[in-house]
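Each of the two complexes below includes subunit A, the first together with subunit B, the second together with subunit C.
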Partner chain A sequence: MTPDPTLVDWTIRFAFGAVAVAKILSLVRLIIGPTTSDRILALDTLTVNAIGLIVLLGIAQGTSIYFEASMIIAMLGFVSTVAYARFVLRGDIIE
Partner chain B sequence: MTATSIGEFAIIACLLFGALFSVVGAIGLVKFDNPMTRLHAPTKVGTLGVGSLLLAAVLHAWVYGDGSMHQLLIVVFLFVTAPISANFIAKVSIHHKTCETPPPPAKDKTWATLDTPE
Partner chain C sequence: MSLFLVVALPFLGALLPGLMNQAGRAACAGITFVVSLAAFIGLLTNLPAVLAGETIKASIDWIPLLGLNFSLMLDGLGFFFAFLILGIGLLIIAYARHYLSRNDNMGAFFTYLLLFQGAMVGIVMSDNILLLLVFWELTSLSSFLLIGFWKHLPEGRQGARMALTVTGMGGLAMIGGMLILGEIAGSYNLSDILQSREAIQASPLYLPALLLILLGCFTKSAQFPFHFWLPHAMAAPTPVSAYLHSATMVKAGIFLMARLWPVLSGTPEWFAIVTTAGLITMVLGAVIALFKHDLKALLAFSTVSHLGLITMLLGTGTAFGAMAAVFHILNHATFKAALFMSAGIIDHEAHTRDIRRLGGLRHLMPITFIFATLAALSMAGIPFLNGFLSKEMMLEEANHTVLFGSPWLVPALAVFGSLFSAAYSFRYVGHVFLGPKRDDYPTTPHDPGPGLWLPPVILVVLVVAIGVAPFLAEPFVKMVTASLLGEAAEVPKAYFKIWHGLVPALYMSIAAVVGGLILLAVYRPALRLWDAAPRPEAKVIFEALIENVVKLAQGLILRSHNGAFSRYAALAMSFIILAGYYAWTTGTVGDATRTLQPVTAIAVAGWATLVAATIGLVFLHRNRLLALVFMGVIGLMVSVGFIFLSAPDLAMTQITVEVVTIVLLLLALNFLPKSSPIESSALRRSRDTVVAVAGGLAAMGLTYHFLMRDAVDQSISAFHLANSYKGGGGTNVVNVILVDFRGFDTYGEIIVLGIAALLIFALTEALLGGPVRARLLNREPDMPQAGDAHPGMMVVLTRVMMPVVLMVGFYVFLRGHNEPGGGFIAGLIVSIAVVMQYMASGFNWAAARLRYPYHGIIGAGVLIAGLTGIGSWFVGKPFLTSDFTYVRIPPFEKFELATAALFDLGVFLAVVGAVMLSLESYSRLARRSERPDTEHPIDIDPSRDDPENIMKAGG
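Presenting the complex of A and B:
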């Protein structure tokens, strides 16, 4: 990053803050959520926001080596959401 | 107005759009009062919010570096899997009877496609 922050750098910092606020609000729903589906939904939203944070880190550092990490988190987040939902629905994940 | 500054403004627009949609989806997740309405808001985080952030990453790589398109793979993966996980969460909500059950089907005797005049 250049020593003198440009407008793009300030926007990246604002986006970091916004996604962090989104993660905190999802954590609030994960804690207070009255039903099981709310908690699964909050975990899914946390995973999606984690992908956003990793992508922002890749933009801020100007590299694309975080692509594999965010791809793996996207895949594991989807699989874990389906696994939670199947455990609630069927009482077992793999029958 | 060079091509680099146009690219910078496109990156800024995509970043602001994605960040604002992430926050709006999370506020909706906290403030809505019903499990099915709460399901509506965070699906926008997955598609519009993170989709715009990844588009900003692609534009950043094209403007400042040597260009790469493979962040679009994550966008495609999220667009494909978001409705599936939302459907599973809705099935969990129906299973726990935390939402209104859908109305019963109409008492027709035949399929609508077969119900044509001769």
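Presenting the complex of A and C:
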């Protein structure tokens, strides 16, 4: 038998829902565009959402093993965004 | 000296001439001579035992499971050939030192020569037929290099290719024959095979084995119908012709026939094939040789003819024939090598080898005249020279040979061949040295220095000595014959002497010599007749054949491999789907053993994102930048999926690889059109859609099927889980698999990774060195550029991030053995930290701060990993056995030290080097001429305009 849901459980459920909605919204932006910058920003937002998703997953399962993965996304995810942005602006990302 | 050393010396010594190339020609040739001499002396130390009738053996296990052992043996036959190879090799080296001009790369030449020498010695001393095959192929390869040594001559390259094609194909056939032989005998050891004559000749596979082995021997020894490659190989430098094509390589086929004589000969098939091929070759070669005007071509066809003679003698299957063959091998090697060297001298001095432009050289080159004449007369079969003795024995043997039921066929053809042989020998003397002195030589010839004439003179001394006193050679030849015959037959009692009385062979010999003289007297009309007669040109036929084979291959291949990736993918995918469908419908499928896990809203959301991004990619893929953006989303969702399925290692790798890939692809996209044009028809695109959708659905179905069922057999995961900590000392199974269980795989992979990165570097470097360089430098950007090249905000951010990222990389590396992480991920993280700096402050700024070149980092990584592996040898364990222990240094907690961590360090370095080298190589292509790179890290920096700072810098 499962124990009654605590406040933390409710919070997590709500947070999951919020992240899922954020994901879908940025996905819509990704699909409809209309400019490339919109899509790059949508990807960046998705990256932030992914960090939230992974952390929430870790909290929900009570493990810290996913922490490093979210840390790496947080630390290095911006590099691809910057690379896309540099490409749009300059064409050459290492000049 | 150990047999291993005798075989290994030329191979090891092959390194030296290349190294000594800078030290001068004398040193280079000298060291080669010393290496050869050492091997020769090493061989001679075994002479007493061989003379006593012993067979010396030495063996090391190589791959015993395949029956492949490094077994060597030395008996009389092997000694005889090794003696010829090393002895004549010494003379050739001395000769080549003076023959090669200053423009020739002597180091390369002697390296090839020593490689060839080692391979030849290996053939004649192998006790294992698989090992023999290895050496056999090595001679084909090294002779290819030697024949094509003068790379600037098209004839040299074509001749080398032809020789390699013909002998290589023969070698392939021989591999098949040898394998059959080994299977029949139940062992790949020659000594065992030589014992099983009855079993082999009774086997139904005897004939295929015989045919395949003879194909190998005939191609190598230029027997009809494969004789045509030898004359074309004469485009090689003369020392090569003298060495390979008179004394050694072409005798390899003969050696093998002699070696396997006890088990293969004596059957009607052997007799019919070998004798016939030998006879035809002997006659054909002699006739063609007479009408060749190039000295070396004449000698080449005469070699073909003499090889045919020896083959015919071996084919008769009698002990006397075998003895005559051995004797003639010795005699032919001495006089023919001397003749080749004389041809080289004439070419060297007169600058022509065309007999029609020569003549009267006896006045100008007396020394060359004397020894070349003696050698040529020996070839013609004149008494008191060694050629006479073995030719008499050949004619004697021919007299007793009944081929196709006709007792006169072989003797008649033998006399006919000898007649032509005498004629071209006389022509060699008569049209080159005799006759009036001319004044239209390209240059005035004179005798060369002793370096060129001494080696052939040594050989001619042997020619005369054996010819005058045949009893000197008799015990040696009989000893060799005894070991050739083995237990199959007794050594014949016949004595070697010049005068046998008035026997038929003497009349035949006289007929041949007199006929040869008459033929030479009527040479002009005979030549007109020959020129008028139509005859096939082997080179034209060969090239047409090759061209047709290439056309056929292209016709078959280009249909499926036309360079369009969509076609490959469509073909491969259709085939996989069909094969999968077949397996699905004919195999047995068990029921599902697992239940579906609960479908959570969050999983559905992630799945929907992935699907939406994939569909978006399909529709927007013609815009390449957008395609990359969508790929980024897909990569991100896949990483989250890995986390969701509890695979944090995979997720971390995926995230970092994504970043590096995006950077790499964007660098490449800079040079590519920004959108893909529509190239295929609507019909083809709908076909591709059908294939793609079917493939995707099939992959989904297969995945679903496997996720719902347990594996058919127990998977290896249980073993890994059980042994990870116990055996590998780590609790992170993924990492322990990488660095321990499958460490050898990982080692191979980092090497491949390094090679790939070096290749990218080499390719871009070649681009920058070639004509593309100017185009790259003057390339106009295809898009408008906005903003700064090195914006201040990015510079500051990446500098601040750098130590943090490095720290994380260090942390991920250290914890890798027990928790998610490891060298591979750490390497990617650190590379991204460095790439950030490149992106922020530019290529030049970052490259100027690079202390260790990336090539070196890759090398250090591979080296560390390799040395870690080798380290386990010192404690008597196999390569890459890992060990670990626990250390406690107060005040820290107890921690673990594992050799696997050192190995992981190698992986880390190799990854960093490889990633950075490939990214750097790509970004080098974008350097442009019109915009010099600044030395400043930031484009706009107010502090540079601050008067105080300018004062400081100035003062």
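Keep in mind that, in the parts below, the second predicted complex is superposed on the first by the 91 of 95 C-alpha atoms of A that agree within 3 Å, B and C clash if a C-alpha of one lies under 4 Å from a C-alpha of the other, contacts with A are read in each partner's own complex, and residues count from 1 in each chain.
Throughout what follows, a contact is a pair of C-beta atoms (placed from the backbone, for glycine too) under 8 Å apart; a residue touches a chain by one contact, two chains touch by 3 or more.
Just so it is clear, the structure is predicted and the values come from calculations on it, not from any experiment.
When both complexes are overlaid on chain A, the residue A:8 reaches subunit B alone and has no touch with subunit C.
In the superposition on chain A, A:55 makes contact with subunit B only, while subunit C stays out of contact range.
Once the two complexes are laid over each other on the shared chain, residue contacts for A:86 go to subunit B and to subunit C alike. Of the two partner chains placed by the overlay, only subunit B lies in contact with A:74; subunit C stays clear of it. Look at A:94: by the touch rule set out above, it reaches subunit C but stays clear of subunit B.
In the superposition on chain A, the residues of subunit A touched by subunit B in one structure and by subunit C in the other are 19, 23-24, 36, 40, 71, 75, 82, 86, 88-89.
On the side of subunit A, the complex with subunit B involves touching residues 6-8, 11-12, 14-15, 18-19, 21-26, 28-29, 35-38, 40-42, 44-45, 48-49, 51-52, 55-56, 58-59, 62, 64, 67, 70-71, 74-75, 78, 81-82, 85-86, 88-89.
Within the complex, the subunit B residues that touch subunit A are 8, 11-12, 15-16, 18-20, 22-23, 25-27, 29-30, 35, 38-39, 42, 45-46, 49-50, 53-54, 56-57, 60-61, 64-65, 68, 70-71, 73-74, 77-78, 81, 84-85, 88-93, 95-96, 98. Remark: subunit C residues 601-602, 605-606, 608-609, 612-613, 616, 625-626, 628-630, 632-633, 636-637, 639-640, 643-644, 648, 651-652, 655-656, 658-659, 662-663, 666-667, 669-670, 781-783, 785-787, 789-790, 794, 801, 804-805, 808, 812, 819-821, 829, 832, 835-836, 838-839, 842-843, 919, 923, 926, 933 touch subunit A in the complex.
Interface residues of subunit A, counted against subunit C in their complex, comprise 16-17, 19-20, 23-24, 27, 30-31, 36, 39-40, 43, 46-47, 50, 53-54, 57, 65-66, 68-69, 71-73, 75-77, 79-80, 82-84, 86-95.
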